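You will see subunit A twice below: alongside subunit B first, and alongside subunit C after that.
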Partner chain A sequence: MRAGLWLLLLLPLAEAHRPAGDIGDVEITDATISWLIPGTFETGDEVFVVELVMPTDFALPFEVLVEKRPRLADHRPMYAVVGPGLPTPTADELAVLPYPLPDGWGVYLDQNDLPERIVYFEQVMRRNMWTSGTTALPLQRGPNEVWIWSPDGTTGDFQLGFGVEEDFSDGGFGAVFADWGTYAY
Partner chain B sequence: MAYDGRMRCFFLIAMLGGCAPEVEPSAACEAYVTCLGARDLARDRNTDVERFVAGGACWGSHEAAEFCTGACERGLDWLREAEADTLPTECSP
Partner chain C sequence: MGWRAAALAVGLGLSTPAAALETDRFSLGLPAEVDLVGLAFGVHPELLFRPIQPDGALHLRFAPGLMVGPELAFVPIALGVREVMFPRKRVRPFLGTGLQLQNFVPYGHPVLTRLDMALELGVDVRVADQWGVGLQLSPEIGLVGGFGFGMAVRLGAQLDF
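Our next item is the complex of A and B:
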């Protein structure tokens, strides 16, 4: 399954990511602000794709988060940021990727395999999360993608977080209240 | 005690929110920004790093600073490894 999410960026512009609706059914208009996009591996063989159309060359942090619960202890979604200007992958990295790389694109691969998982207290929804660790990446203007998959076929929820600048000027939490079950305990 | 102009200014700034937490940029993010600047020069690019420099969104709270510092450390470590053959000397440890 290839779940797609279009991020159409208009202008370049946190620690509290702005929540979006479920991955695959939401359109984000500005990826230069901070976003938290939830998804769920139902079967474990899905690959989620987030498309980022950057309005300018732009450096920003990425991470994948999983709620810190015993049943998700082995759930470590892997992600790759792919796009022009990123480094050419090694053969080992290419072998891990779920899709062939478009011509001329490079990759940042995060295998989410730290021996001791980083625990992060998410202050907006007030819960502990395991994070892959944040990594700042320099993306080039134009199309880029994030691919997220479950290498061991584990199932469960995850969240993709990226960006720093907050912008809740138009509310921003509408998706949370419209889909409370995704976020609430 | 009479207030002088500077003290009135201080209280005015405080009332307007001037006392919000402001953290100095970390050495890790300064190194990351320096590296990207040199990398851009070699590639004829111009990467927006505004959030990582002084006054950027990374430095509005201690939590944000910790978040960004970790991102800069990991981002620079990754660049040094993945682009070891082409990265400018400004990116060296």
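Our next item is the complex of A and C:
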């Protein structure tokens, strides 16, 4: 089930984790700021898709975060960044992907399977999270996608983090206050 | 006046204000606290000192606490000033500000320390000569060691001594 579709337009590059808002078209004005997109696996068989339209080549860091709670100890959403110029997948990687790769596209697959998960404390809202770890990927100008799914069918919330540095110097709290329950405990 | 009498006078002169200082200028608050950003519960005792007058408006505040929540524990240590309006009335609203050293202990993560600016908005209601009950709201914002928010609600009793 294709559960989410976001179109992110990365404008000329300008700034940890600023909420990007919920499902819908979002214009990211500055990819050097890090952003968060929240989602929830209600049934466990959803695949969330983030479409990225890059205005220029840019190495963009990604990670998937899950709240550190006992209930979510086995909730390890997997993600794949797909787009032109990314590595050619192995047969094993192709078998794991939820969709066929578009012609000419490569993939970076993060199976979020570290035996001991990395703990990240998000100071702004004082949240304790498990993270898949951050990996920066060289994306090419034009369309790219991120696919997020729950390989074991687990349910629960997740957040996709992308971008470089936390920066709230010019505000950016609107989505926090508009959707307090998502970002605060 | 001989030196013994002078010494006695000085001694008396010192002992009377000292007694007043000990009995009138301090308060001890014992509030329970709920932190609404990074949910946590605990106690945040506070020692108040009135430096100008025993029944004055200005208070200096020192407050170490201990909070425990589902995702983290933390130990705030606050130092600040509080201005009490109508300090001789039964109902005493107050405003305060200060610095709060936040020692966060997220479970499974190393301790993180941050210095916040904390504000206070509250009311103390006198229920007996030396006793009051109070409610406080305290927003916090990270200044040094990382940016972030905080919001504490405190409810408790206060003893003057």
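The definition used in the following text is that the second predicted complex is superposed on the first by the 159 of 185 C-alpha atoms of A that agree within 3 Å, B and C clash if a C-alpha of one lies under 4 Å from a C-alpha of the other, contacts with A are read in each partner's own complex, and residues count from 1 in each chain.
Everything below uses one rule, namely that contacts are C-beta pairs under 8 Å (C-beta built on N, C-alpha and C of every residue); 3 or more make two chains touch, one makes a residue touch a chain.
These numbers come from a predicted model, not from an experiment.
Q: Check the residue A:87 against both partner chains and state whether it touches subunit B (first), subunit C (second), both, or neither.
A: first
Q: According to the stated criteria, A:165 is in contact with first (subunit B), second (subunit C), both, or neither; which is it?
A: Touch partner of A:165: subunit B, not subunit C.
Q: Taking the superposition on A as described, I'd like to know which of subunit B and subunit C A:47 touches: first, second, both or neither.
A: neither
Q: Could you tell me if A:119 is touching subunit B, subunit C, both of them or neither one (first, second, both, neither)?
A: In the superposition, A:119 touches subunit C alone.
Q: Under the stated touch criterion, which partner chain does A:128 make contact with: subunit B (first), subunit C (second), both, or neither?
A: second
Q: Touch check for A:67: first (subunit B), second (subunit C), both, or neither?
A: The answer is second: A:67 touches subunit C but not subunit B.
Q: Between subunit B (first) and subunit C (second), which does A:137 come into contact with in this model arrangement: first, second, both, or neither?
A: first
Q: Between subunit C and subunit B, which one touches more residues of subunit A when both complexes sit on the common chain A?
A: B
Q: Which partner does A:97 contact after superposing on A: first (subunit B), second (subunit C), both, neither?
A: Neither partner.
Q: In the superposed view, which residues of subunit A touch subunit B and also subunit C?
A: Touching subunit B and subunit C on subunit A: residues 123, 166.
Q: Hey, which residues of subunit C end up touching subunit A in the complex?
A: Subunit C reaches subunit A through residues 35-39, 69-72, 104, 106-109, 112, 114, 142, 146-150.
Q: In their complex, what parts of subunit A are in touch with subunit C?
A: Result: residues 67-69, 119-121, 123-128, 166, 168, 184-185 of subunit A touch subunit C.
Q: Quick one: which bits of subunit A touch subunit B in the complex? Just the residue numbers, please.
A: Residue list for subunit A touching subunit B: 12, 14-15, 32, 56-61, 85, 87, 108, 123, 133-138, 140, 164-166.
Q: Show which residues of subunit B lie in contact with subunit A when the two form their complex.
A: 32, 36, 39-40, 43, 45-49, 51-52, 56-58, 61, 63-64, 67-68, 70-72, 74-76, 78-79, 82-83
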